[in-house]
Structures are given as structure tokens and as C-alpha cells.
Amino acid sequence: MWDESPKDECGVLGIYAPQEDVARLAFFGLSALQHRGQEAAGLAVSDGQAIRLHKDVGLVSQVFDPLTLSTIHGDFAIGHTRYSTTGSSCARNAQPFLIDTQYGPVALAHNGNLVNAPELRAHLMHRGIGLTSTSDTEVMTMMLACSQGDTWFERLKDAILHWKGAFSLVILTRDQVFAVRDPWGFHPLNVGMLPGGGHVAASEVGALQTLGCVAYREVQPGEIIALSNTAMTSFQAIPPMDPTAFCTFEHIYFSRSDNIFNRQSVHAVRQRLGVTLAVESPVDADVIIPVPDSSIPAAIGYAGESGIPYNDGLLKNRYIGRTFIEPSDEQRKLGIALKYNVILENVLNKRVVMIDDSIVRGNTTGPLVQLLRSAGAKEIHVRITCPPIIHPCFMGVDMGTYDELIAHRYHVNEVCAQIGADSLAYLSLSGMMQAIGQNDGYCNACFTGVYPLPLSQGVAKMSFEQSIA
Amino acid sequence: MWDESPKDECGVLGIYAPQEDVARLAFFGLSALQHRGQEAAGLAVSDGQAIRLHKDVGLVSQVFDPLTLSTIHGDFAIGHTRYSTTGSSCARNAQPFLIDTQYGPVALAHNGNLVNAPELRAHLMHRGIGLTSTSDTEVMTMMLACSQGDTWFERLKDAILHWKGAFSLVILTRDQVFAVRDPWGFHPLNVGMLPGGGHVAASEVGALQTLGCVAYREVQPGEIIALSNTAMTSFQAIPPMDPTAFCTFEHIYFSRSDNIFNRQSVHAVRQRLGVTLAVESPVDADVIIPVPDSSIPAAIGYAGESGIPYNDGLLKNRYIGRTFIEPSDEQRKLGIALKYNVILENVLNKRVVMIDDSIVRGNTTGPLVQLLRSAGAKEIHVRITCPPIIHPCFMGVDMGTYDELIAHRYHVNEVCAQIGADSLAYLSLSGMMQAIGQNDGYCNACFTGVYPLPLSQGVAKMSFEQSIA
Amino acid sequence: MWDESPKDECGVLGIYAPQEDVARLAFFGLSALQHRGQEAAGLAVSDGQAIRLHKDVGLVSQVFDPLTLSTIHGDFAIGHTRYSTTGSSCARNAQPFLIDTQYGPVALAHNGNLVNAPELRAHLMHRGIGLTSTSDTEVMTMMLACSQGDTWFERLKDAILHWKGAFSLVILTRDQVFAVRDPWGFHPLNVGMLPGGGHVAASEVGALQTLGCVAYREVQPGEIIALSNTAMTSFQAIPPMDPTAFCTFEHIYFSRSDNIFNRQSVHAVRQRLGVTLAVESPVDADVIIPVPDSSIPAAIGYAGESGIPYNDGLLKNRYIGRTFIEPSDEQRKLGIALKYNVILENVLNKRVVMIDDSIVRGNTTGPLVQLLRSAGAKEIHVRITCPPIIHPCFMGVDMGTYDELIAHRYHVNEVCAQIGADSLAYLSLSGMMQAIGQNDGYCNACFTGVYPLPLSQGVAKMSFEQSIA
Amino acid sequence: MWDESPKDECGVLGIYAPQEDVARLAFFGLSALQHRGQEAAGLAVSDGQAIRLHKDVGLVSQVFDPLTLSTIHGDFAIGHTRYSTTGSSCARNAQPFLIDTQYGPVALAHNGNLVNAPELRAHLMHRGIGLTSTSDTEVMTMMLACSQGDTWFERLKDAILHWKGAFSLVILTRDQVFAVRDPWGFHPLNVGMLPGGGHVAASEVGALQTLGCVAYREVQPGEIIALSNTAMTSFQAIPPMDPTAFCTFEHIYFSRSDNIFNRQSVHAVRQRLGVTLAVESPVDADVIIPVPDSSIPAAIGYAGESGIPYNDGLLKNRYIGRTFIEPSDEQRKLGIALKYNVILENVLNKRVVMIDDSIVRGNTTGPLVQLLRSAGAKEIHVRITCPPIIHPCFMGVDMGTYDELIAHRYHVNEVCAQIGADSLAYLSLSGMMQAIGQNDGYCNACFTGVYPLPLSQGVAKMSFEQSIA
């Protein structure tokens, strides 16, 4: 269970649909990517002449209303949903980012993190360019404005060579939409065809499904795709890295279970993670319960493999968690449990196996064990569908510092004692990769400390702050 | 699957907690009742002298912020979450309702519907009383203001005798909180003890659990309970009706699965509904999938009984549905499916049993069957955990008119054809009651047309309309 | 200069206009009454069947937009603008107040204050009526609901006999609009004819002018007028009190200068106040400057009579004063002057006569004198267009308590020293009445302590508080 | 009377005040510049390290609250109030504009218009710079980022040479505030000293007065001033143009009457405009009335010179004009007059001279004459304090196109007939300059067609549109 929202797990969307009201279509597509970012949302739409952008803080359904959608009509669109980073929830940071250039207007939306952003930023400034934010999204967009080449395609091919790190991008010009994925393949990006004509690019297959797309496939690492009405134009701008560095956590936690990542159904992988976990760390118990929602497929898998019945044990309160009001410590001690309630009869006097996807900082697993204990569980065995996380992610996922990672500071049996479980087992690295169905090509740095590319020394200095209410 | 939000399925909460910041406690409690009403929320708090009320349109987390909570401090509180009725989403209709009377201030929050509200309203007006709304909540509160008796308890005992219909109430005076349930027991109401002292009343056990309550029980039909610091004062104001008229739909759909209703765990009843359904209407199939969330326990039950594997097949898009933007008919035809996505590998080339709680108007089941069909399901067998709904509810649940109820207009095989399923089976009335574990004492009027009390002829004439903000 | 906004100086408006979009007309009329109340605004409109009400906190232009106006169409309307009272700026207190009664819906908007409201309130509660607010507006409306009589007119005639104090009212029923004025005539109320048919009632003639009304006249003390398409129906419900008690401050400060009150042009009266003041308290000086806006006519009058040139000396910053941000004491000492700027060349090295309408608490006159002094004025002579205010108003104008009234605590020469003027003179009572053109029939209680009707002993106890965001 | 708000008449403010809460000080200063722009407001503040910016659509008092001000603390600040341009009221266009550069952060706020903005923009883009807006403010800021020089002062001296047109600027860096005025001196810019230490730059003297400044003077055409704690650093970056091109309309209309422009009190100039007008175009009449507010000093002057009494005749409704709701044509015909009411006794049966500052499109003068006529004026003589406007302004003031200017299309006697006056006279050009006290050095292009600098052929193509919130 992720203790807080991970940084940089945004959703991106691109559409070219000449026969459709593309803004409305994009609205539905963005809604299906809402789980990848609930802080802010934005859409940029081109009618072939001008690009119109609307973005703001809030859910997709709060940022857009029918009137707003009707003012950003056109055939070409890109969109973005943004995850919250601590304390900086402002419209300024919303995407897409839009500028006017010598080549005409260009907008860009980004999921990922460049490790060499500080160097690129310094280089741009040295050229005399002023930047309105500290985001690497603006850096990438500005680099397109000063890249060489006769077409956007040429300039994009030029710029992409300088970007190191994770980037699943959609780019909008006056009359084109591009989908671009870094050569490591860190985060997902998919394209599909609209049955009525046109194409869609989206972080996840779920958004393509929502729009009724057919014939979808993943954008390949290093590939640039120009969306079109009929056949798409693809270009392998950079060969895929060898090895690639697919982010394992897209399988474990980030993607919605209906996504497809590196040719695998996320739901199926999660179910197999549960199966493998049952093989590796069996336990004599009465019921298998998931921590909803991300661990449900793994719990089904564990139950099937172990023969122990699957059932609901924890009910997620879907309306808490978006609030800034927290119980006092006193109230917590008295048993206030906001996020989850217990299905009593499935826990009382039972030996419970609780399946969770991960333990990062350790703030949520302990209280859950305590909640089950208070509800009368006889034994509580925690099973985690990935190995211990002992290294920070420098590729853009905010897992916290070394000091914050509970598995970096404590051995498994210490963690087990701290969370108050009767037993705790993590899935092994090899078991995890086996469930994923691969031996390598994945970034497992958070488990192993082996990073797929060298880390930058600098960081962008925050020399200003903008807030537009 | 309920086609739209049912009317009058509100949540109520009452707290007396002298050692606590009762407003903050009530905030957490209301959040746990949010599923019973997402249109508006309100809290009235007394510090022993004055009652302070704050209510507004929106989710609990939108209506209240720390500053607002800090201004309504005290030891006594009642709260309310309100379901949307078509088009009248205004602050004016939010509850609790608060008035000043010859006996001091009194506030009231209500879940239910009085069938004799028009007569009571006319009677009040005839006495020269003006009413600021058309709600039966105001009628009940005004009746307390003009009831006879030396104490609020006495006046409440007097007033309750005139109220016909469903009412699960919480009432706040300067220094008391009452919980009151109608003698038919239509809707749930529970009380529990705070471990640090004080008591809580709430529509559902889940809210009591969230607050860490212990020793909870249901308020009995016809019972009035005065919350207190230590032992509660209970009084059987009216004997329970014989028979009682518990609303079956609290088991089927309304309550969250962690609630307890008429001494039965809602989750357990739903699981047994699935078991019974598997016995009554078995089918040779490859996978059992629920329509999330309410049908999950029944699907687990059906799967267990049938031996066919349980798995996710439909994924609910949790961010769509609160929007006023809808796809065009054209877009729908092209396959836009907003509310649910499919887990492909669990459906493709499979014989699927889709478990749903009910079919009311029939607007949602058909598209779901179609969605599974497009995803490659070989066969789709729909199983419903209650009998066909062929009569409107006049007890306050907005199931629609006779004309709107699909099962009133069509035979089962016609409905099956309309929704495009390979087979359709409803649970029988006796099977349903067997799963609930009772033979009678329930209101099954929507299935049988046998109403537990005579219906009023009049309706409150809307002679005005108020909108604030 | 009034130190803060006076309580209870609201604006009321009533329209019957069968040929017009009455809501839109009422919007323009209310805007012309905005100076009488900037806290909240509301409109209730009847189409002959149902009354629709919209009200909220804010300026008229903030509360209403074209969409809102289009939803409250009809032929009959009443409206209200409300002045702020400290800290209780909430939609709940906005007017009109609307209820449903045995006789149908009725709405009421009120400018004034009943001195016997506590007794009337207690009487209503004793009858078993609950009240949702502590306002006397609700009390009056509820009394209409329980009055005897076959028609609204009859019931109004009955109720009005019980109301003691100041009330300029507009009342809306399904198919009638009434204008009612208390028999003392405290505050203004006028009626006029629309050239296209229909009639308008409004607190001030300015609103009638804005709507293009012709043939307007004042509602007489004790008169009830039913607006109609052609000829109005008038009824002298109570004979005018002998003497009447017109509020002198409507001439001095409250009314806009284009109003007519007790048959006198307010602008002309103010100009004569200046003339008389010049006669009573002449001074050798170089320039006459007003404190804008209310003292401009008096300054023109003083200048004309004295032969000393009139000119601008103080410029009002029209955008400050609506803010909750205040300068620190330190900043004030350093000279921050927010509300007024000086026209330097009209003050520097000059002997200045500063004309102001009144000194209530004394918080604003001193800083203004200081501002002129810093700008280089050689001498500053303050002339006030009314006598010293030494008694509170118990008729509804919040002039402050005895302790707050600077003229109650200090002699004129002490006040002069405190405000730092070279000389200070008030207009005499007889001089003021001479300028008004009357000897009696006015309430001068704040100058004389002679109140026109006995004061109530009780006050409405605030036993609750409602806030609807 | 200006028919609509003129474009580009913004207010700018800069403060360096080491002993003060500079954000709060800036708030008060901006409020005093609110009349120069009511669409949007913004403040950028530096604490010596980082610059923090807050800006939004709305009045100063709506954009800032105490909490927001407390988060942008520091010693250095610049601010801006912005006038509305048709239809594009969005936060994106608010100023100051802030970027990070190779030299650190820099923010800029601008009053004016560059005539060579399209060329500068093209030049920047050609260098590979992307722009987020079409404003010349961004162009100027970006030019600072790519200018040569060791200090901001050096780079500013470099950049200013390229800017052609009107610019009164304030610029904020980490530890400096600059005030800069174009060498033509089009619009006002003043600096003053805070008595407690520090300096302030502001568009108008009124803002300096409000902050208690002493020893203020105008920034000279072509001058750059670095604000400091004690003595300011001044540098004549460009010699003043010969001739200068002070905008006459700052005297006539734009500036508040307490401003000083080209060493002249605006109030005194306006009063002399009235005197000269009385000499040039006398008329036998009973009363002189101004169109408030800008024409009041001229009416006082005209009255003094002519010996005809000055009085109020038109009362401005201060709450109308900010609304989007307009009367229908039908309603207008029936006499709805929203913006002004008449003081009847000062007009009825009188020969009235109505003094107004200008006639631009002619939309407002006619209705005013009609209003006075309906009120019974015997004769109405319109006197305008400037010559006929027959040429558009290409220096940034939106006076409309040739076709929109009534005096371009019609002779004076035709205009007089159209507005329905008994006589109409404009002030002569020489009379106007005589009242101003100068023979040349002013831009009178709107009267003469002689523009002070050649006009650019290009215009910035709007290739995109951004809306945030």
C-alpha cells in the first residue's frame, strides 16, 4: 500500500479525430486517466490554425464543463492529468505546456522525469532563454522551439537525443499530434484507432477502451508516432536501450489493472504475482483478503493457488483521503479508522492472509494490521507482492529518501514486529520477474540499487514561485 | 445496478461526547456515511447553550474545512448527508433543519419519507404556521415546536404518534441528542459507545466503526434513545409494528456491505443471496464476475457455491459519473463506455456469469452486456440478486413510476432479449427471504405490490421555490 | 462622516408589471438601491402561481446573472438590498423572507426595526411556531400566516396593528404586491407608475427614476398600497401618528441626494443645511471643501452663502473600504491614508472649511483633519450639518452605545481638540429643522433623547446560529 | 465621457522598503491605482533570494487576502493593475510577468504599448525562444534574459534602446527594483521616499500619497531609477525625445485628479480647461453641471469663470456598470437610465451647461442629454474639455477605429444634432494646450493625426490562446 501519492505518475492523452468533437472525446479519455493524477487537468486543442488551452487545478470533471469544452474545438488535442506533489498545488504547474515559436505554436504534456533536466535548463538559460517554471516539461518544450530541422518531426528527432530519463509524451502542433516514448520504456504509452476514423495515444489501454478504440498497441521505446486519420506514421527515433528499463511498479501498483504494459495484462500479472507469492510463502489460514483496490487481483491469485477462500475483509471509504482534516493522535488511539472498515464476519476468529502490493514508508500497513486485530482476527499474515524497497527512485517516482524507506532501515522481521503481524513475507525478485514473465529489461532499482542510467549531480534551484489562483 | 441515485437514501448521525471535539468527530462520521448521500452535508452542534449549524451543497469534505469545524464546537452534534433529487440541488434543502421554539432551539436530521406529510403540513398551516420549504423534515421539526409536554422527550413521544412512514431520525436540543426510528423499522439506525465516553447514533455500523465505537446495536423500531455520556436512556415510544417493514433494499443495495441490518451482516446476506442464486439458477460457465461495487459479495457467494472461478471482469471508473457531460448518441454507438472498463483476458472467449443486484429502469444492464460482448465474451448470463421490481416505492425510494420500471412492462424473457443476454434469471422472492434469513417482517412492496401502510392521496403542492447561492 | 455602515438601512423594491420581464426590471431597480445595502441582495418573483426566490450574499451584480434572472420570471416581484452588520454576513439573513401558508405563499422584505419584536416573537413561539432566524422580518411574515381575514389585505391590516417601530415593507403574494409604511413614517417608501403599465414601490425615488417611472409619490405613514396595472389601491390602515417621526438622518446622510423624503428633495435640503450652517457658523477662509460624497451639496450651499470658493479637497478612493486588510498602527503613523487623498493645491497654505454630515464615533474626522494638516492647510475649520449626536438610536440605526458616541462623552471644544481642528461647529437643532423646512414631525431622538415610542425591555436571545455557505 | 474602458491604461507600482512588510504596503499602493485597471491585479515580492508572485483576475481586494499577502513577504516588490480588453479576461494576462534567467529571476510590470512589438517578437523567436503569450510584456522580459551586460542595470540599458513606444515599467530582480520610463514620456511614472526609509515608484502620485511618501518627483523620460533605502540611483539611459510626447489624455481623463503629470496638477489643469472653455465658448445659462467624476474640476472652473452657479445635476450610480446585464432596447425606450440619475430641482426649467471631458464614440453623451431633457431642462449646452477626436491612437489607447470615432464621421453641428443638444462646443487645441500650460511636447495625435513615431506594419499573430481557471 502506497503511503502517499507518488510523484510524476501522470496521465497523458493525444487525439487526432477529424470526424469528431475532439475536445469532448478528450474529456472522456482524460477521465479514464484520472487515477494517474488528481491534482490538475488540462487540454490543448488545435483546429488546424490556432491552439486553445484550458487547464486548472482539480479533477477532470471540475476543470471542464460543457461551455469550456465548446470553446476549445478542433481536430487535434492533447491532455494531461497531474499528480499532486507536496504543497505546490497550483494552476501554474498544470499541463499541457503551450508556447508560440518561430515554427508556430506547440504544446506538450509529459509523464516522467528527466535526470539531466538541470543541465538542459542551464544550457537553455545560457542561450538567453527565460523560463517561467522549474518543470522539465517547459525545458522540453523550449528545446523544441530552438531545435534545428525543417519540420516538427525533424526537430523532435533532434531534441529527443538530448533527453535522459523517463518520458512518455504527447505533443500538439497546429496540425499534428505526436506520441513519443523514451528509449528505456519506463512508463506506458499506447496508441489505438478510433472506429470512426482517427487515432488516440494514451498512457493506458483503459482510456483507449473507454473511447472505443480498436487495434491498439504500445508505443515502442524510442519510437515517435504521428497520429493520423488512417495509417499512423511511426519512426524509431532512437533504438530501444539494451536493456530496456520498464518500471516494474507499473505492474505492481501504478497502472490500473485493465492496462497492458510490455505486452502483459496488468491484471493477469498481478494475479500471477499472487499465485507466485502463494507458492513462495504459503501459510495455513482461513481467508485471503486484499487491501483494495490494487491488491485485489493478487489476492484472487493467492486464493486460487492456495485453495484458501478469497473474501472481502477491508472496505475502502471512497470519500475519505481527499480531505485535509485529520484525526488527532488522541482520536487515532481511540480507534478512529478513516480509510478502511472491516467486514467483521470475514475476519473474526479467523486466520487472515492480507495481500498488499508494497510497503514503502510503512505508515499504512501497521494501522491496517491493527484494525484487523481489533476486529478479532486470530492471526494476521501479511504478504507483499514485491520485494522490499530499499533504494529511492531517481527516475521520478517519489518513494521518499533512504531514511524514509522502512525496508532500508529494518530487516523483514523487524518490519513484521513493527506492523504487528504474525508473519510477513515479500515476494522474491526472481518470483516477481517470473510472474511478470521476464528475466530482464525492467528497472528494479528500488529493490536492487542498480539504476539504469547515471544520476545527475545538480538540481534545479527554485529561484521563484508563481501562484495564479 | 441502480440506474440513478435513489431519493431519500440519506445518512444521519448523532453524537454526544463530552470529552471530545464533537464537530471533528462528526466530520469523520459523516464521511463514512457519504455513500448514502453526496449532494449536501450538514452539522448542527450545541455547546449546551447555543446550537450552531453549517450545511451546504457538496461532499462532506467540500462542505467542511478545519476553520468551519472550529466554529461549531460543543459536546452535542447531529449531522446529515443528502442524496440528490433531480434538479433541486440547493443549499436550502440541506439538513439538519434548525428552528428556535418556545422550548429553546431544536434541530433535526431525517432519513426516510412520511406518507402522511401532506396532511401534517396542512394541519400545521391551518394552525397559522408558515413553512419555509416543502420538506417533511421541516414538518417534523415544526411539530416538535408545537407539541405538548414538559420535556423534549415528552414532546417527541407525542409527535411521533402522528408520523406515518419511514423515519430514522437524529434530534439535537441544547443539551440532548435523540435517536428515533419509526415502528416499521424501514431504514437502519444504530447506536454505539465511544471508548473514551459518550455515544454515537448513525445510519450504518460503518460510521460507528470509523469512530472506534464499541458495543453497538440497532435502534429498535419505535424506540427513542437519548444519547448520554455513560448509559443511554431508551424508551419504546411505540411498539414495533406487527409485522415490521424492514426495507429489503437495504440488504440488496443501499447499505454499505459492512452494515448490520435487522441483526444480519449486509455482506453476509449478499454473499448468501449469491449462494441461493447459484442454487436456483445455475449455469455452465467459465467465470463469475460482479458489477462492482455492490454485487461483489454476491458474486463471491455464487462462485463459491457453483465452483466456477470468481474474477474481476468489469472495472469501475471511479471518477466518471459525477459529471454533467455525456457522450453523444453517435459517440455511444462508436463504443464510448464511460463507467466501466473490461478486464479483457477474464472475458474473452469465456462464458461469463454477470452478477448484479437489481434491474430498475434497465438503462445500465444492456450497455454492460454489450460491453462484455464487444470484449469477446462467448456467452453472457445475467443473474440478479432480487426478484423483478414491478411496483413503485411509495415509502420514499425513487424507483420511478410504473411506466419506468422495465419489469413492469416486460416479461423476463423480453427483458433478457432487450439487454442482449444469453440468459437472465432473477432470484425468487422466497430464495431472497431465505438468504436474508427471515420469512416476513420486510417490506417487499416493490416486488409484490403489498404496501405496509395505506398511501396518502394528497401531495405537497409546490407553491414556491427558494434558491440561496 | 459615518464611521461604519449603519444597521438596518436597507433598500426595498416592489414591482407589478404585467407587460414586462419583471425580474430584469427588478434587477435594475435593486442596483439603484445598492447604496442602502451592500451585504446581500434578493428577489422573489411570482408568475401568478408560484413564487421563486433567489438571494445571496454580495452586491446585486454578484448575486444575479442573466441565467438566474431568467429562472425567476413573472409579473410580480419584490426585492431587497441589505446592509452589513458586524460579522454575520451570511445568506441566511438575506431577504426577502418567503414562506408557504394556509393562504398560499407570501414573501416580505423589510427596511426598519420593530421595537416590540421580542414580545411578538415570544407570542408566536407560545403559539407553537418555530422560527428559523432571529430577524423581525421572519416575525412579521409569520404573523401574516396566522392573521385572521379573508384576503391578504385583511390579514395585513390586522397584523400591522401589532407592529411598533420602523417598517417600510414590500410584500409579495401569488398575485399581489403591497407597499406598507409604518404610521410614524420613519424611513422613506415611494411608489411610481411605469409608462408602459404597472407600478413600482421603492425605498427611494432614484430607483423609480432609474426604471423610468412617472407620477411618483411617497407612501403615506400608515398607508397600505396594492400595486396594480393601472390605478393603485390605497388604504390608510392606521392614521399617521401625531406627531410623525420621520428619521432626520435620511435627510442628513442615509438617502442618496436624488431622493425625496417628506416632500423635500434631499439634495435641496442638504444644500440648505450648508447655507444655514454658513449663516450660523461663518468663518474667514479661502476654500470650502466637502467630505465626499454625502456632504457635497452642503458644501456647495455653504460656499454659495459665504462667498468663499467651493473646490475639491479630498478625493475618495472608491476601491478601498471593502477590504478586510488594514494598515498596522505603525503604518498609520507613517502616514498611510487609505480612504481619501488630498488635492494639494486646493489645501496648501489655505484656510480650509471642511463640511461633513455628522460625527458619530469620531474615528474618521480626526484622521481627515490630520490629512489636510499634513498637506499644508493653514487652518482647518470643521462644520457639521447636524447637531451633536448624544443618544443611541433604538429605532434600528446602529449609531453605537452611549459610550461610543463621542459627543456624549465630550464637549464640543474637547471634540475639536481631539480631532485637531482649528474650530468645530455643529448646526443647531433649530437651524437644521429650518433647513429641512419643518418644525416637528421628525424623530430627533439621537440629538434630544426624546424617543417617539417607548422602548422594549427584552431583546431576542440568540439561541442559535445558522450558516449556509 | 469615455464610452468604454480604454486599453493599456494600467497601473504599475514598485517598492523597496527594508523596514516594512512590503507586500502589505504594496497592497495599499495597488488599491490606490485601482482606477487604472480593474480587470486583474498582481504582486511579485523578493526577499533577497527568491521571488514570489501572486496574480489573478479581479479587483486588488479580491485577488489578495491577508493569508496570501503573508506568503509573499520580502523587501522588494512590484505590482500591477490591469484594464480589461474585450473578452480576454483571464489570469494568464495578469501582470507582473516573472521568469527565471541565467542571471537569476526577473519580473516586470508594464503600462503602455510597444509599436515595434511584432518585430521584437519575431526576433526573439528567430533566436529559438518560445513565448507563452502574445503580450509585449513577455517580449520585454525575455529581452532582459538575453541582453548583454554584467548587471541588470547594464542589461536594462541595452534592452531599452530597442523598445519603441510607450512604456512606464517597474522591474524586480532578487535584490533590486527599477523604475523605467520611455524617452517620449507617454504615461506618468513617479517616485517618492517613504518616511521610514525606502522608496516607492508608482504610476500616479495618489498611490505615493496613500503610502505616506514624501519628496516625490516624476521619473524623467528615458530615465532608469534603481530604488534604494536612502538615496535613489538615477541614470538617463536615453535622452528625452525632442519633442517629448506626453499623452494629453492623462490630463483630460486617464489620471485621477490628484495626480501630477509633466509638473502639472491634473486637478488644476482640468479646472483651467474649464476656465478656458468658458472663455472660448460662453453661453447664457442658469447652472453648470459636470458629468461625474472626471469632469468635476472643469465644471468648477467653467462656473467660476462664467459666474454661473455650479451644482450637481447628474448622480452616478456607483454600482451599475460592472454588470453584464443590460436593459433591452424596449426598456431603454421606456426610460431605463442605469448609470446616472438626475437631481431634478437643479435641472427643471433651467438652462443647463453640461461639462464633459470628451466624446469618443458618442454612445453616452446622447442619452445624458436625453436624460436631462426628460427631467425638464429648458436648454442643454454641451461643452467638451478637448478638441474633437478624429484619429485613432496607435500608441496603445483603444479609442476605436476611424469608423467608430463620431467626430471623424460627422461635423460638430451634426454631432450636436445627433446628441440632441441645444449647442455643442469643443475646446480648441490651442486653448487646451494653453490650459495645460505648454505649447508642445505632447502627443495630440488623436486630435491632429500627427503621430510621434512611425507605426509598425505587422501585428502579433494570435496563434494560440491560454486560459487558466
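Remarks
The chains carry the letters A, B, C and D, assigned in the order they are written, with residues numbered from 1 in each.
In the analysis below, a residue touches a chain if its C-beta (ideal position, glycine included) is under 8 Å from a C-beta of that chain, and two chains touch if they have at least 3 such contacts.
Keep in mind that this is a model prediction, so the values were computed, not measured.
Hopping across touching chains, the smallest step count from chain B to chain D is 2. Centroid distances built from C-alpha atoms place C farthest away from chain A.
Here the spacing of chain A and chain C, counted between their Cα centres, is 60 Å. Rounded to whole angstrom, the centroid-to-centroid distance between chain A and chain D, based on C-alpha atoms, equals 49 Å. Remark: chain C and chain D have CA centroids separated by 35 Å (rounded to whole angstrom). In chain A, no residue reaches two or more other chains under the touch definition. Chain contact topology: the protein chains form a single closed ring, every chain touching exactly two others.
Every residue of chain D that touches chain C in the complex is listed here, in rising order: 20-21, 24-25, 27-28, 31-32, 34-35, 38, 59-61, 64-66, 69, 194-196, 206, 209-213, 256-258, 265, 267-268, 271, 296-297, 300, 304, 309-312, 315, 317-320, 322-325, 327-328, 331, 334-338, 341-346. Here chain A touches chain D in the complex through residues 49-57, 68, 91-92, 94, 98-102, 104-107, 122, 125-132, 134, 141-142, 144-147, 174, 462-469, going by the rule given at the top.
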